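You will see two complexes here that share subunit A, one where it goes with subunit B and one where it goes with subunit C.
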Partner chain A sequence: MSATADVPARTTPARRRSGSWDGLILLVLALLAWQGMHLYVGEAALASPVKTLTFLAGFLRGPVFWGHFAATLAAFGWALLIGAVGGIVIGLVLGERRFAGDVAEPILAGLYAIPKVTLYPMILLIFGLGMSAKVAFGVIHGIIPIILFTMGAVKTISPVLLRAARAMRLTRRQTALEVLVPAVLPEILTGLRIGFSLTFLGVLIGEMFASQRGLGFLIVNGINLHNVPMTTGMILVIVLFALAANGLLLWLHRRFGGPSATPEHA
Partner chain B sequence: MKLKREHALTLARLGVIGGAVLLVEALCRSGVINPLTLLPPSRMAADLFGLLASGQIAHDMAFTAGTIGAALVLSIALGFGLGVLVHALPRVRRALDPLLASYYSVPFFIFYPLLVAIFGLNAFPLVVLGMAFAAPAMMMSTMAGLDRIPRVLLRVARAHRLSRVETVRQIVLPSAAPYLFTGMRLALAYTFIGVIAGEFIMASSGIGHAIAYAYEGFDNNTMYALMLLVLVVVTVINMSLHAYETRLAKRRARA
Partner chain C sequence: MTALVQRARMDDTLAEAVGPPPVVSLRAVTRVYPGVKPVEALAPTDLDLNPGEFFSVVGPSGCGKSTLLDVLSGLGRPTSGTVTFNGQAVDGVVPEGVGIVFQEDASFPWLTVRDNVAFGLKHSTVPADESQRRVDHALRFMGLADFAGAYPAQLSGGMRQRVCIARTLVTRPSLILLDEPFGALDQQTRLLMGDELLRLWRETGATILLITHALDEAAMLSDRVGVMSARPGRFIDMVETGWPRERDSSIVSDPRFGEITARLWSRLRAESLRAMGAQGPGGGR
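Right, the complex of A and B next:
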């Protein structure tokens, strides 16, 4: 995913002001495109922005939405937790053991590139219909980039840093906390950001296929029942959620990534 | 010494993959894994061979290959064009930057049912989904490639009074080539994922649809054979492209 994670550089206030204008213009353009698309394809395929927002205003007040939202959020939360902890631990171990890491890297990269959707029936057969299948599917989407980025971060730590730590006679604990963690944090954050998006994708696809709960189910259900505002509204909710989460993670990256953050790598 | 390490790595990789396959085979054969859950890999291979020989899935394979091909060509053309255009317009690029940075955080498959509602249940929404997934990767790779053309080469071109076309042919394309190639490789992987996933969620033909159909009909033999087919095809394509890229990089380093 070499091109997917460009972290915009720090901006000056003047640039930021023109940036927020740009954002506004983009938003207006997106709304116009949406309205135009609606006029072009008709009421039966895509609801207009006004109608979608009116529908959402009512739907978000009822209990139905929040039940499905909670189901998606719970599956996503577990999948992300398992993927993040497992990915970072495996990545640290593989990064430290050169040979094992070199053996694993192309295998993991190969697994990363296969269309994992096709494996979903197998997950369903193993875990059964329901929550655990969705979680497992989210994990297999998200864990590999987290492993790869963590591994890469540990492998490329500059030996100078470790030598400096030894020269200053830092304890193991101090070395880990003061040297290793800050050195690998930016890359791990990038891995987590990509893992976050892919885990979300995995959980939603899981819900769109063979599920009775969650936002992904609501989209497919809206199509099947010809409830166009429902489908359009749920897509809007998911897009906004994804953009907000990604914005937050980008901000975290800039805040804690430090000067050594390497956007090209992502 | 270095060659030996390469050999050891390859052997270890083969050992890991072969060991995993053998382990699954043994677990299935001994009955630890229920045959209703997972079939032994040897069985999958035999079933796949039977399917291929019977010609039953030829239609689905042709449909998927055609859809992927169309989506791939269109996303490379569109991504390259947009990349060149936006690269030439820094103001537009600055405005688009945050959008591109968060583009892949949006789970695009959720748009697929909408595309089906708009275009109907045929190959067209699949092509659009594949393009939505692949074209931005090509676009970003193109811009990255154009960004990294060494200034000094452009100055050399001016010193030699090369025409615009000649500059592009002799300087720009060769310098940007590795990035363009990476972009194409990503575009291929993404169209594969986009098209097959779309077929899987909702479609009337294609390999992804055949897998979903077999799952719903409790036809594990066909389902696992088709999964194996997808895994093998994607892995072979990826590995050959990767090998080609590595060879290209080596030749470049020598030159």
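Right, the complex of A and C next:
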């Protein structure tokens, strides 16, 4: 806690401008790398940017793609909803009950470390092929970091904020909603961002191994049918979707994590 | 007519003899922090705060000053003894009319300065327009009007502490408790904040209890200074300053200021040495 930190917390316009230049340069570099990679590994493994984009232009106009896209989106949406709500609630409870939290933390960290793919056969036996297995697989990937971040945030909340709440005679409910939640929100958003990408990963893996629907299925299908532009194109769609989603979450973080997310936590 | 005047005079003398009832009374209050090795933080302590007085507490660090504030405010329960506020027993809940400013920055980082200050009245029964008025006034009074839209992270430590004071002020507390609120500030800023505190005290008519480790601050601001012993804390001296109600930091040039500070220091010297000895000089290692 520094006493005299007059920190200008916002990004300056100049920095934002140079940021968009960086983005453009990055895009060009990525395309060049893609093309270079394509030349190196050959047509049979990776389609060229031009060919992929041409394929996508046609494929996205047809009805097939959107059906699969919707399937992935639905599975992802459910998995994220369950993971986020479940993760935040469990994290809040474990963070508040110090003892339970102390017991649960190493267990969760251990679970987080094991490759979840090893659980896949079990998930399939429980849920069978299809939507629920995909959702379950997304949830087990995403929920643990959300729990861990939420719990960590609650445990490390500055005690003086809670004392201030008592000094202002807030009820338990008011304290939870108006002090605890906003105080931990920036860290929860960080947990959500990580949970988000892991949930997405889980859903896609689920689709690749045991599903007839979704973008993950299309990738594997492309491989089986030697349709390289299809595989490459789906990977591109997934990358763009993930980037867009991450951008949205970053924006949310800046918007609602607020300036509190910047200097004290940085 | 004359009888009436006489009667009134008699009431006055009577009131003077008995004195107005204290705002806060502590009777044989102790506080022991339980644990494997229990910490006796507060030795049996008696204390009365008179209505409208500016009372300061000085003492070596770790002697139990914050603990005293805890049990006095209702944030914590005494291990034994009783605390009353305006004649009512205080028991683990902060009574209405008590405002607390903490040593650490307790401003809410997710709210703007204005919203932080308004938070103090969020759950009160004060009507919206009145509450608006009070917030505006508190912002202006604490010199925060130009920063109403800023977030605490954009302010210095001193400004954030003012936000916390303003958040307390809007509730119009009759007893304001401040726990080393200017601890982190430099000397000049502290003196100026002291002036503001005096201004606030005069304007609100509130009773103030200020915990500080700065003897000059205590000597300059207070009507009365309580000197605490090393842990377990208890009062070893009460110093009446005799300052007029209209006063400010210019009294530091008054010879009496030097006398008071010297007395406080002579009382505290031995205690501070004891407190240091208990922790190991220079902290060991």
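Quick note on the criterion: the second predicted complex is superposed on the first by the 246 of 266 C-alpha atoms of A that agree within 3 Å, B and C clash if a C-alpha of one lies under 4 Å from a C-alpha of the other, contacts with A are read in each partner's own complex, and residues count from 1 in each chain.
The rule we apply is simple: a contact is a pair of C-beta atoms (placed from the backbone, for glycine too) under 8 Å apart; a residue touches a chain by one contact, two chains touch by 3 or more.
Since the structure is predicted, the reported quantities are computational estimates derived from the model, not experimental observations.
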Subunit B versus subunit C as contact partner of A:Ile219, first or second or both or neither: first
First, second, both or neither for A:Ala167, with subunit B first and subunit C second: second
Which of subunit B and subunit C A:Val239 touches, first, second, both or neither: first
First (subunit B), second (subunit C), both or neither touched by A:Phe99: first
Touched partner set for A:Val179, first subunit B, second subunit C, both or neither: second
Contacts of A:Leu53 with subunit B and subunit C, given as first, second, both or neither: neither
Subunit A residues touched - subunit C or subunit B, whichever exceeds: B
Which of subunit B and subunit C A:Met208 touches, first, second, both or neither: first
Which of subunit B and subunit C A:Ser158 touches, first, second, both or neither: second
Touched partner set for A:Ile126, first subunit B, second subunit C, both or neither: first
Shared subunit A contacts, counted only where both subunit B and subunit C touch the same residue: 1-8, 264
Subunit C residues within the subunit A interface of the complex: 73, 75, 93-94, 96, 98-100, 102, 104-106, 108-111, 119-120, 122-123, 151-158, 164, 171, 184-185
Touch list for subunit A against partner subunit C, complex: 1-9, 158, 160-161, 163-164, 166-170, 174, 178-179, 182-183, 185, 258-260, 262-264
Contact set on subunit B toward subunit A in their complex: 8-9, 12-13, 16-17, 36-38, 94-95, 97-107, 109-111, 113-114, 116-118, 136-137, 140-141, 144, 182-183, 186, 189, 192-193, 196-197, 200-202, 207-208, 211-212, 214-215, 220, 223-224, 226-227, 230-231, 234-235, 238-239, 242
Of all residues in subunit A, those that touch subunit B in their complex: 1-8, 15, 18-19, 22-23, 25-26, 41, 44-46, 99, 102-104, 106-107, 110, 113-122, 124-126, 193-194, 196-197, 200-201, 204-205, 208-209, 216, 219-220, 222-223, 228, 231-232, 234-235, 238-239, 242-243, 245-247, 250, 264
